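Common to both upcoming complexes is subunit A, partnered first by subunit B, then by subunit C.
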Partner chain A sequence: MGGEVPEPRKMSLALSFGCGGVPEEALHLVFGYVDDPRDREAASLVCRRWHRIDALSRKHVTVGFCYAAEPARLLARFPRLESLALKGKPRASMYGLIPDDWGAYAAPWLAQLAAPLQCLKAVHLRRMTVTDEDVGVLVRARGHMLQVLKLDKCSDFSTDALRLVARSCRSLRTLFLEECAVTDKGSEWLHELAVNNSVLVTLNFYMTDLRVEPADLELLAKNCKSLISLKMSESDLSDLIGFFQASKSLQEFAGGAFSEVGECTKYEKVKFPPRLCLLGGLTFMGKDEMPFIFPYSAILKKLDLQYTLLTTEDHCQLIAKCPNLLVLEVRNVIGDRGLEVVAETCKKLRRLRIERGADEDPGQEEQGGVSQLGLTAVAVGCRELEYIAAYVSDITNGALESIGTFCKNIYDFRLVLLDKQNQITDLPLDNGVRALLRNCTKLRRFAIYLRPGGLSDVGLGYIGLYSGNIQYMLLGNVGESDSGLIQFAMGCTNLRKLELRSCCFSERALAVAVLQMPSLRYIWVQGYRASQTGQDLLLMARPYWNIEFAPPSPETANRMMADGQPCVDTYAQVLAYYSLAGRRPDCPQWLVTLHPA
Partner chain B sequence: MASSAPVELDFLGLRPAAAAADHHGGGNGTTTTTTTSSSSSSSSIRGMKTSAIASIGARQLRRVIAGEDSTAPAPAPSKQAPMTLFYNGAVATFDAAEAIMKMAMEVTTSNGGRVVRGNAFADMPLTRTKSLQQFLQKRKERLSGSGPYQLGLGGGTSRVGGGAGTKSFRVKEEAV
Partner chain C sequence: MMGREVEEPQGAAAAMAQAGRAPARDKSSFAATCSLLSQYLRDNKAGLQGLGGLAMAPAAGALRPPTTMNLLSALDAPAQEPAAAEGKDHDQRVDGNPREAAAAAGDETRQLTIFYAGKVVVFDKFPSTKVQDLLQIANAGGDAAEAPAAPNSLPDMPIARRNSLHRFLAKRKDRITAKAPYQVVNNSSVGVEAPKQTAGVEKPKPWLGLGQEVTVKQEI
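Showing the complex of A and B:
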């Protein structure tokens, strides 16, 4: 190798191998600017030195699935971690499809990490089972410096844990309990929070049934001047008048309810704080109460009307006044007409969610239901959209093509075709799906839930072929045969997480398909050609790949019932995922781990 | 277009006699690394019995099937004749997937499990999120005059039912 200038070679060697080259401190500084976990992952693989520097300087880790890793391993690699997020139960638990005793216990994580992670100040647990004792472990170890505690769709703890947090965590900026199943033993926790904390910025107990005293909310507002977000349970809005007067910095409010029908004079005195621009909840708000939003509508950036009683016409009237909306969440009562108003008015809209209203409804939602008309209007009118989730009653390929043509910034698209209407205008959706996937190049998350005939095997193959950088998919009622699934799988190079529901595929095809997807690390399936034993799933057996199977049977159905709740699931489920932690040690009795003999 | 006769693949093992005649059934322990061999095989990874497909690995498989040394995920234009598949009344034509499915067929499984669920999942309902379900249920109660949202109730704070100590979040039955 003659002829090369020696100095540059020596320099690059020095940089690579740290032989008196770049000082450690400089590398640390540079790493401090690298936040994205994918970049960090890449950097940590360069050499041992970079691996070590990343390990010591990584501030946040998200463990995407709690059974994929072990706490001890996390501790060994990232001893100076400041922020940890852990996810547990499958997404399907939000739809009532995962029994309460499935698992996802926070206990081992908190027991092994809370004390040794001496820099830990932010904890986020999502869809996990958390007990009062677990919270106690965390608070005793880290309470003095805990700034963020998010228990997100968690269950099994009570307000006793909240009292402990309120008393001990005086540095808490964020207390997030959204949609948790909390046993309510009294409202003292809020009083103690108001008395002990003066730096709280965000308080969220939205979509819980926790009862609180208005006086405690007012006290909180007075003591925490920095409070900018309150999302809460359904206290009557007339009880919150004092709170709104006291919390002058508030920008976000969600929750509350209009509990009294026809008592609108009571609500006339409700006035939001002047900077309020993110608004939601307002359960049972009707046409008569709607006007009290009007003074704020011009500055509103986020509006959630999913729990209101507004008609299509009401939606049209209100949204026409909100030109600055970035986020809109509604039920499908908004109708195509409402979506046309959105398209005309909300030019800055980034996120749109259209949820499924009641299937039958006396009078309320007669004009409701969203179709290709509304979707196309929104695609053409709201070019900044990044997230669309819609339950539609009717659909065409053209509507999907329009989204592909006009909404270039979409990174998350979810479409569910409701099952009430017998005739759909334009099926299968093969060409529309292809156009959308080809043109929305930023797509990372994709969900489509149809009906038999909604997407052919060719269309399913298109999804694979044009999957691009999509990392998560939910597919329901797609394809016609195993061939479609295999074609799909052969195209998905970057797919990491897959959920399948109500499809016609055999166990064998599922196993073979999994093996075609090189990036796949997690798959959940319900509704397929299940056998009693899950035998053919073993075709995908391989090292580090856990396969868990919940067999179909009436006995299973009975076990899944708890507290007299009607069972919603008698179907087999499969969950398979890569894990460095070996097989689950804490499976419930009805869950079978499949492995070769 | 194919000049050969359509080939029928029996995915569910419904025709074991035909399968025995067509394939080399029940091979023991021979390891294969290509799809050209049609003998069924199982192999071991660290003592774990795995299927031939699993031991090959996705990338290798794709290379073999695409028929060239490329990592392109899309099914390459195949030199094999397109194959028409008759499957449960539906017809599909495909190229590169054929070899994979043929291998899936050839791996011996005792297949003791019968198929339990039928074809159509028309009886698998779309489920709602728990939050929306709860809301629709409350609304129903309110409109029908039952539950805590009756007209004319006096003042107070949160009106959701359930006393102290009860589990605060319940999944109600599917609203309508």
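Showing the complex of A and C:
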């Protein structure tokens, strides 16, 4: 979650020469040095000539939402694209909140673009539905030159597609399949990749259920001397001894598991390659296995302990040995004590993610749980932090103020207050939120998910008032009334993407709020005072603004899934966005598109 | 217990506090408070049945401060002095100042804290006899709220969990139930716990079993 912090924009002053006298070649040369999409966008608006030169020289485009534009339009404007990124389903799909048949089909994009975009060598599809046929279209047209293929949390394809990629794309540097739902028809794809490719740098099939042969990985390491990163599906570490011996350049690894309990001797022969400094997975690593990574801890820059079985105490012991961490990802079992060790040890830390553990596991999680104490310690101790995402059990205004005071580089801040603990020390968080927003001037993404009473209407107004630079926001369980939402909206001049969940706002207020935010191009809402028909949402109807309403499903209203979670379509959802493509043609039956009569 | 909080000016509790203090002294501010309160009530129509029994003044016309609400005056003892010269509406009250009434009846009084819609209201000396009444009212309100979901009601939705974490926790759970050797590995700690419990007051068997289970989980 959350991208890297972008480089600062290089063009701080607008180019001041006019449109007339500069030779075409000179402009082309200058444009060659302009990479930042925001600079590109600004330059393209100067005049027709600049627009044309930008269009012909643009190498990369990210389409933030696949229903916001049409492939034909993209092709007409940027015929020489080398790299294309497309995003599909709402973020909520990563939390099991979007039904599988929602859409976001890659088919029209790949069918219309793969052949005519003759310079295309990098494709990144995120949260999209991709079939074997779609991959086939891409590979047949561009396979010979494809260098990067990222299928990021995509679904609906099988290992047949991967075999085709492995056979045909011999220039492939990056193959990325993280968290894809792939139908596994055997591990031949990896064998073919190992045999046919000698230039692979990054291979990622982390968080998939793909089964592979360790021998194929070893072969891959031998053939691809430049392999720097491997993130793989869960696989016992003792099977990877040969792979690690062969991959001398490897810097990043994730996916290894300690599947045998109490068999430490089994892992004694596992030796990581010398340059390995980014480490994750380590599934089921417990106290007894932990010493296995001690020899590497001092050079580690990234450590992901989310899937381990470590206790609070184990976290303290391990992290105290990792002074060079830039990225740390854990579950809340780390506890305040663990975070105090982080604050003392990890002075260079840039990104910290504290995920949510199990609710019904008092044995382990109770000793953990993160509160204002841990967050404050980290804020004071880790001044370089750019990204914090934390699920906390308790929180105070003071802790948020500390982050505002000490973490001046925060670019992305996300806080969820868990709902298990009855008493929270200090609510509402109005003043803390205000202090954080006022002081963290680099903040571009902000998420705060509380509980009723966690943030008053006044606090919501503060977010509007002090969030001038924020482009993405997620708010959950905040505010007290519609007027809070309207106050918030009136301040959000630069907000481009908004997600709201479990708030008390009426449908009418949502519509009115949308009209107040001039930069808003995408809003997703679940949990509001929904009507059966979504009629009040029509208040926000306007040209190019698509409104899609998913009424709650009557069949699943009172049904729970096996794990006690409500069904995916229990609650009404609204998605509204700007689109040059008109209404989407592939709506599932249960989705209603709203438009004025 | 939370510290006493000064309410947001628009909050119902603030309106209650002011209304209870000195209704006759400053008519204009009282009227303003009442209109704020009535606005609050309008905004919160759906959720207020529960506390409706507290009989918060619904509109500017109804000047008679209801019994329960009047307890707020106990919060602020000095304010009682000027309030002694109250308007007739105030005099019509049947119960008089409950704080005095409670004192006269020799009732036990304790601090009462109400969390409601994100607001916190603290009553310093609340007669225990009134607590039952309050609970009854609250219970009745709760039942009403559970009636079939009316349109426009706000669903109570759990915080969603990331797919990757969800899968891991499910796997871990399977592993705990599947891996019998665990209990052998952690034999020592279970062994220490179990005799302690049996040595103490005789515990019923199921309790013992539960204790062991928790210990096992802790070790993982």
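Simple rule for what comes next: the second predicted complex is superposed on the first by the 560 of 597 C-alpha atoms of A that agree within 3 Å, B and C clash if a C-alpha of one lies under 4 Å from a C-alpha of the other, contacts with A are read in each partner's own complex, and residues count from 1 in each chain.
Assume a residue touches a chain if its C-beta (ideal position, glycine included) is under 8 Å from a C-beta of that chain, and two chains touch if they have at least 3 such contacts.
Fair warning: this is a prediction, and the values are worked out from it, not measured in the lab.
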- Message: Please determine, from the superposition on subunit A, whether subunit B and subunit C clash or fit.
- Response: clash
- Task: Mind working out whether A:416 is in touch with subunit B, subunit C, both or neither, as first, second, both or neither?
- Result: both
- Between subunit B and subunit C, the one with more contact residues on subunit A is chain B
- Message: Tell me the contact category for A:502 with respect to subunit B and subunit C: first, second, both or neither.
- Response: both
- Task: Would you sort A:538 into first (subunit B), second (subunit C), both or neither based on which partner it touches?
- Result: first
- For A:214, is the partner it touches subunit B (first), subunit C (second), both, or none of the two (neither)? first
- Could you say whether A:454 touches subunit B, subunit C, both of them, or neither, answering first, second, both or neither? second
- Message: Quick check for you: in the superposed arrangement, does A:179 touch first (subunit B), second (subunit C), both or neither?
- Response: both
- Task: In the overlay, answer first, second, both or neither for which of subunit B and subunit C A:428 touches.
- Result: second
- Query: Given the touch rule stated above, what does A:596 touch, subunit B (first), subunit C (second), both, or neither?
  - Reply: first
- Message: If we overlay the two complexes on their shared chain A, which of subunit B and subunit C does A:481 touch? Say first, second, both or neither.
- Response: both
- Re subunit C stretches 80-88, 116-124 or 152-160: the one overlapping subunit B is 152-160
- Please identify the positions on subunit A that touch both subunit B and subunit C, taking each partner from its own complex. 94-97, 179, 207, 261-262, 283-284, 306-307, 309, 331, 355-358, 361-362, 416, 418-419, 449, 452, 457, 480-482, 501-502, 504, 506, 527-532, 563, 565-566, 571
- Within their complex, state which residues of subunit B touch subunit A. 11-12, 45-46, 48-51, 53-54, 58-59, 61-62, 65, 73-75, 85, 87-88, 90, 92, 94, 96-97, 100-101, 103-104, 107, 109-117, 119-122, 124-133, 135-136, 138-140, 142-143, 149, 151-153, 155-160, 162, 164-171, 173-176
- Show which residues of subunit C lie in contact with subunit A when the two form their complex. 2, 8, 10, 43-44, 115, 117-119, 149, 151-155, 157-170, 172-173, 175, 179, 181-182, 185, 214-218, 220
- Query: Once bound in the complex, which stretches of subunit A touch subunit C?
  - Reply: 92, 94-97, 179, 207, 261-262, 283-284, 286, 306-307, 309, 311, 331, 355-358, 361-364, 416, 418-419, 423, 425, 427-428, 449, 452-454, 456-458, 476, 480-482, 501-502, 504, 506, 526-532, 557, 563, 565-566, 570-571
- Query: Can you list the subunit A residues touching subunit B in their complex?
  - Reply: 94-97, 155, 179-186, 207-214, 233-236, 238-239, 257, 259-262, 283-284, 306-307, 309, 331, 355-362, 416, 418-419, 449, 452, 457, 464-465, 477, 480-484, 486-487, 490-493, 501-504, 506-509, 511-512, 515-518, 527-536, 538-543, 552, 563, 565-566, 568, 571-572, 595-597
